[in-house]
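Every chain is named by a letter (A, B and C) in the order it is written, and numbering of its residues begins at 1.
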Amino acid sequence: MVDLRPVRPDAEPAAPPPDHRHAKRRSRLARLDMKLSPYLFISPFYVVFLIFGAFPLVFTLWVSLYNWGLASGTREFVGLENFRFLVSDADFWHSVVNTFGIFFLSTVPQLLIALLIANTLSRRMRAATMFRIGMVVPLVTSTAAVAIVFTQLFDRDFGMINWLLDLVGVNPIDWQVSRGWSWVALATMVNWRWTGYNALIYLAAMQAIPKDLYEAAAIDGASRIKQFWRITVPMLQPTIIFTVIISTIGGMQLFVEPVLFGTGTPNRMDGGAVHQFQTVTMYMFDNAFIHDRYGYGATIAWAVFVLIIIFSLLNFLAIRRAGGAK
Amino acid sequence: MTTISLPAWGRRNGKRPQYRLRGLWDASPLTYVTLIFALVLSIAPIYWMIVVATRTNEVVGDVPPPVTPGGNLGSNIGRLFDNPDAYFAKGLVNSAVVASSVTISTVFFASLAGFAFAKLRFRGKNALLLTIIATMMIPTQMGIIPLYMTMVKLGWQSHMQAVIVPFLVTGFGVFMMRQYAAQAVPDELIEAARVDGCSTFRIYWSVVLPALRPAAGVLGLFTFMQTWNDFMWPLAVLNPENPTVQLSINNLANAYFKDYTLMFAGTTVAVLPLLVVFIVFGRQIIGGIMEGALKA
Amino acid sequence: MRLTRRRGSLSAVAATLAGVLALATACGGNDDSKSGASGAPAPPEKVTLTVDTFGEFGYDQLYKQYMAAHPNVTVKQRKVSTLDDYRPRLQQWMATGSGAGDVVALEEGILPLYMQQASKFVNLFDYGARSLQSNFLPWKWQMGMTPNGQQLVGLGTDIGPLGLCYRTDLFKKAGLPTARDEVSKLWPTWDAFFTTGQKFMAKVPKTKWLDGPTAILRTTVLQNAGAGPGYSFFDKNNNLVFETNPTVKQAFDTTLKFEQAKMTSDMAIFTPPWQTALKRDTFATLPCPSWMLGGIEQFSGSFGKGKWDVAAVPGNSGYWGGSWLAVPKQSKHPKEAAELAKFLTSPQGQVGAFKDKNTFPSSPQAEQDPAVSGAKSAYFNDAPTGQIFGTMAAQVKPVYLGPKHEDVRAAAENVLIAVGQGKVKPNEAWSKAVEAVKKAAR
């Protein structure tokens, strides 16, 4: 929980000796130092944020009102035309559906498995640190590297995964062509990278749950599974909300994996020939940086921003309600 | 209750919980089986990457696939650095420069601001802190179009400052250092230093910063990692000829995708520095994640 | 500089000799008798010129010659493998006013876009290019100029007369003739090409007939447009006429027929899967403009050695591709860059490029050069490429392309690839394409 209460008041600085000029000037300086330093110390963040964070965001809105091309040099005010177009732009909504599809396939299993692993890790065991480190190794690999390695693993003809499937008698899957399977492949990349990290976060939260609760339940004869669902999960609710929101922000911006996954079309931002795995971020990037439609790209950016906020709120409410219904 | 819930630093420490019921908390064989399975899954792709990087292209499509490293790592890495399209050496140097500058700057400015928020009194503090928390929820990637236009105006596109300056300090860093400073730096120390006539910055430098070292280390590691791995913004603003290491990999993926040994040698070299850091500082990183350091 | 002045008389052999000669004297500083001709008494400052190209231009040897003859100039080549990678990059450089090379290649599909912003390029007329007109096919020269004729944006490099590349070993397996003259007779039309393909696939079912829809669509679109109205997706006023231009529909249907019959491997040219497929028996034929021979040789490599040959293209006409060299205003050395562009596009420059990578000259003098007209390609079973492509080049009719041509083309190709992947129903392909194309042309 964020503690926003003011910090305990400092002791008043020692009063300056009254009739010493030198000391007086020093004390004036000291007071100035006390007054100004805090602002000076926090200002770098605000300067950087205002120039490179807030300004672009507002400016995005401005750009979205224009038909704005950098290469062609066009810059023509079109009002809300871009937004009107967006609402009926089938490709945009297609990419929204893709993004959500991949998001569900990654977030839901990821968080469930993370919970499970955290529960396992919370046991007293040998080599606990080794297991924990092993779980988050994927985090240090770069997303680009992950995408490249997994794209090879999911190769239709020479990939390890189709080979393993073949061993158990499953026909090879064309991972890049099928919409559903491409989502699964991409979700796998995301899951592989983030599950261990979320498991550790859950583990930390689990360790803060008073042990007596479990012991009391155990004495009452509640099974471990029952303990998990009745004690662990409800107690973790704030943490779960937190991880869902973080996953939402990340999931809505999915970019690197699908870009590097699309080896079959000349334009990597296409996300497959029928855009079967084109995410909204790719669609934005494609419009702005590939097709020189910066105005429309900015419109997409705002739409995504709004989607993230709405979706985070819905998540938050849903999980609170689920938790509160208990 | 705020939506962001950070377990306070150090909550985990202190006395170990006392287990009254033996057996309730002990690992069963099933626990180990599950964990070993998970461990294998999380390491296998990295292992596969290294195996392919040490092989020749002929064996990559083999059935069954090769599972042990071969002897071609040196020649593959040689091909990697000789490759005219990847600019790999340049990418590595650029990434090192960018990630180091961003890391040093973030740690410095974040700890400075974190200290101010945690220990100094000034008007509007709470409101300002709230705005920082709010900025953490903004997906900054969504601002890349105007950010790009700004860089064009400044003439920074294709220069390294374009990927350094916008990330000199983050709201997340400030908030994290604030949380840590609030409980790790005793007020008495600060007061004592003030009585001695230290300026506020002097207090920060010689009293607060040393006390913040563990958190600063974790923040530094993660900032470095994030910057090293960043992809989308460099892709938008840099040139393929003057890339970061991730863009070097992308250059390879564009032109040589089916030359797997070359590609995987590239990803291995790009991942290696972080992997080493991770192995050395693994314990601290785990601690950082678990103590909420990473909860942005 | 001095090479270009003697352009008319120098054959490729002489150019090489001059290069070797200059190389030999380079260490001794400026050779007075030569630099005197260029009228520059002061030792020229050292400059590095960057040349941006995509695919294969065949310039490696020419750079060496040029540097040998101009000791103060270092030429640096930046090359990306495909036009699709090159296009956004160039767009970024031109939009932001920095990053572009001193000489950039403009392919026919992107030239119209930059014609609209001719002010971003130097006027090559200011660098003595006006006298070069006779070195180029009239239409190639014309297209490099702004419509009002005031500015010369680009000097023509190559044109892409069409052929059809095929695998002799696979043809043999299917019991088809393998000699190129007989093979050419198999397919006077695309329908005949289709039936031959059916015969082939009945015998060799594991190999597809064609690489994918992209090459054949581009080929047929340009072929039909050249034989018909002289424009394809956009009319000469830049109105999108994809839907209403019958020659486009016809080309689309031809391509669709192959997709529907599952006779292609559904690959887009120069993508990684396509590059790999050239090392296997994935497909037996692909339409190949002259410049593609270099790519096939590169990617098929030792695997395809002795297996490829070139026959006439069905329909027996048309061209695809070809570029111009331009000098962006952002270049710090526009004068030197213009000289280099003039050298690379000079008749002997074009001859040199052709000898290296089969990029067919847009210069009549170069086409008549025995090194071109009598050329044979060793990799392609000693095919007389000079003669095959020369015949085709003689009847080329230029096709007008709109500024958004490339965007439209990519959108239409995606639909056709999707048909092959079973993701778009063949009878819906046209309407899908029309829809996608309208968006792309926006």
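Operating definition for what follows: a contact is a pair of C-beta atoms (placed from the backbone, for glycine too) under 8 Å apart; a residue touches a chain by one contact, two chains touch by 3 or more.
Not measured: the values here are computed from a predicted model.
Student: With chain centres set to the mean of the C-alpha atoms, which chain is at the far end from subunit B?
Tutor: In terms of C-alpha centroids, the chain at the greatest distance from subunit B is C.
Student: For the pairs A-C and A-B, output the one whose chains share more C-beta pairs in contact.
Tutor: Of A-C and A-B, more C-beta pairs in contact link A-B.
Student: Express in whole angstrom the distance between the two chain centres, defined as the mean CA positions of subunit A and subunit C.
Tutor: 44
Student: Between subunit A and subunit B, what is the gap in Å from one C-alpha centre to the other?
Tutor: Averaging C-alpha atoms per chain gives centres 14 Å apart.
Student: Considering subunit C alone, which of its residues make contact with at least two other chains?
Tutor: Within subunit C, the residues that touch at least two other chains are 85, 92, 95-96, 272-273.
Student: For subunit B, give me the residues that contact two or more of the other chains.
Tutor: Residues 152, 254, 257 of subunit B touch two or more partner chains.
Student: Two-or-more-chain contact residues of subunit A, please, as numbers and ranges.
Tutor: Where subunit A meets two or more other chains at a single residue, that happens at 70, 263, 289.
Student: Flag every residue of subunit C that touches subunit A in the complex, lowest number first.
Tutor: Where subunit C meets subunit A, its residues are 82, 84-85, 88, 91-92, 94-96, 113, 116-117, 267-273, 403, 407, 410, 414-415, 417-418, 421-424, 439-440, 442.
Student: In their complex, what parts of subunit A are in touch with subunit C?
Tutor: It comes out as residues 69-73, 91, 174, 177, 179, 263-267, 270, 273-274, 276, 289-293.
Student: For a test of understanding, state which residues of subunit C touch subunit B in their complex under the given definition.
Tutor: These residues of subunit C touch subunit B: 78-81, 85, 89, 92, 95-99, 272-273, 275-276.
Student: Could you pull out which subunit A residues touch subunit B in their complex?
Tutor: Residues 1-4, 6-11, 13-14, 26, 30, 33-35, 37-39, 41-42, 44-45, 48-49, 51-57, 59-60, 62-63, 70, 116-117, 120-126, 129, 131-146, 148-150, 152-153, 157-158, 160, 163, 192, 195-197, 200-201, 203-205, 207-208, 211, 214-215, 218-219, 238-239, 241-242, 245-246, 249, 252-253, 255-256, 260, 263, 268, 281, 284-285, 288-289, 294, 297-298, 301-302, 304-305, 308, 312, 316.
Student: Quick check on the complex: what are the subunit B residues that touch subunit C?
Tutor: Contact set of subunit B toward subunit C: 84-85, 152, 155, 157-158, 239-241, 254-255, 257-258.
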